[in-house]
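Below is the structure I would like to discuss, written out as structure tokens.
Note that the chains take the letters A, B, C, D, E and F in the order they are written out, and that residue 1 is the start of every chain.
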């Protein structure tokens, strides 16, 4: 892996989301819609919500979901120190089975930071 | 990914199933046996059972299991509209962590349909 | 447990759903809405969708979700033989950790049938 | 359930934690220790960390863990509106199987608020 | 809880297993059969297999499965020190969401030991 | 896949563990430390503990964790017959969703044995 992991993730995700939405299933479309609205600023700032999305994705061990929220956390200028504290909670609550996902998450994060 | 995802999945699965069964562990052999019998026509038709197997594999987020049941659903001529309703239930019950698996499932399904 | 498990489940569920919705959080309200719409007749009949909801709840081991879908399956006149085949798939795919939930599911099902 | 759910949870948790620690297993003792340290103020404030612990407990569907983090969120004066946004993310990411845990979480939260 | 947790667990389990088997579903019956055979002496002694069953039940967080394997571990004279090391692995691999199950497991274990 | 899966796994794991530890987050460092200590000889021999780690990784379906414990089981001279009994318990307790991980585990195990 390396630089290309970001572009591959983004382009596959975009392509298949379009094909999924093209099927015109109402429930799927509403879930996609909700997925955008849930993370907007509200009583909690969007920045905190993205960390909540990230930690949830980590304990549920979904690499693609982790990458998506890492991108958002990066947009919100999360520091690596803050990120590591999210990782710490995920590994404590979810156990050492979260470690391999943490390794891949850190790699993706470092690629995001190189790209700036 | 593309056309070859079907052949790769099938050949790796076949090869390793043979090697697993060659170990001659009784429990593993019986579980493999049960796995075939459970999805046969009974009080419920095999077609419905394959959808039950598919939705279970989706909420438990096992890509290989999803592919296997997609192949079976394809043999039973499930329409893409029906499939999308199985996907909808999986994503509602299992949450947005099922979305990445749904993207990969749709890709595999579309490859299966191209091949006919 | 006995007769009262049905009434207790229904009344607690109803009471707390009302209190949840009273909080007026848009995302929660839309998820509740979706939860109703997803299981309506579509390309797949509602009866099949309820079985899909049931098997998903079983492999994810959520007793309350199981009870809810058992009630719906009961309304759609699922036979006990059909139900047992849903249970069989759930226990095969999800493993023996599903067994304790299957015990409680059968008890609830038998209570539902007594009540008629 | 009602008022007593708070006292029952707290006293059982306290009693059994003491009995667990009395066994003097080093790994268990260190995990308990870590569990305290992880949620202290750091790059992220303890208040945010408790929300991260809460959402993780919700998507992993652990009622006791949820209660513990609700108590902490209550100490940090989380508003019910903020809490509902944590619930929303948990239900979106984790799916409708999180709903029954959300019902019980709201009940516990309302008891905590009555007690003040 | 107290003394009666052992009798309640055993009698409910026995009663509902009988009712499940009475339904005469072949898959369910074979899974029950396998469940007995898998834990018999083989290349690995039954005593080790029961620990493997226990740790699996813990990380998958199934209280009833935990209780069943605790009973078996007790029959095989596992020491509390050995048990605590199984608990330690479960809590490390599965994370702090296993802690509440560990509290209940220790309580059940101590009841089993009092009964001798 | 083939010979190279062992080297790839080991080098990626080593590289990213170093980068994770370089971040100097105390919780992550302590979890890594605990991860080593937990599997040392104690009341239970390290050999049994590695099997406990393996079966936990299998039912939680973490391929990287499985590989790590396979390496350790190999160091402790586990026979393939013993290994298959660990696999059997994992597939029974965790269900057929564990099968794809078992296929990959056997492949990795056979590569480890070729290498001697």
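Quick note on the criterion: contacts are C-beta pairs under 8 Å (C-beta built on N, C-alpha and C of every residue); 3 or more make two chains touch, one makes a residue touch a chain.
A quick note: this is a predicted structure, and the numbers were derived from the prediction, not measured.
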item: Number of hops, subunit C to subunit F, where each hop joins two touching chains; value: 1
item: Of all other chains, the one whose Cα centre sits farthest from subunit A; value: E
item: Gap in Å, rounded to a whole number, between the CA centres of subunit E and subunit B; value: 31
item: Interchain centroid distance [CA atoms averaged], subunit B/subunit F, Å; value: 26
item: For subunit B paired with subunit C, centre-to-centre distance based on mean C-alpha positions, whole Å; value: 23
item: Inter-centroid spacing, subunit D versus subunit B (mean Cα positions, whole Å); value: 37
item: Multi-partner residues of subunit D (each touching 2 or more other chains); value: 27, 31, 34-35, 38, 56-57, 59-60, 65, 81, 84-85, 88-89, 91-94, 96-97
item: Arrangement of touching chains [line / ring / star / complete / other]; value: complete
item: Of subunit C, residues touching subunit F in the complex; value: 59, 91-98
item: Sites on subunit A touched by subunit D in the complex; value: 34-35, 38-39, 42-44, 48-49, 51-53, 55-57, 59-60, 65, 79, 81-82, 84-86, 88-90, 92-94
item: Contacting residues of subunit D [partner subunit C, same complex]; value: 61, 80-81, 84-85, 87-89, 91-92, 96-97, 99-100, 102-104, 106-107, 110
item: Partner subunit A, residues of subunit F touching it in the complex; value: 12-13, 16-17, 19-20, 23, 25-28, 31, 35, 56-57, 60, 62-65
item: Residues of subunit F that touch subunit D when the two form their complex; value: 26-27, 30-31, 34, 37-38
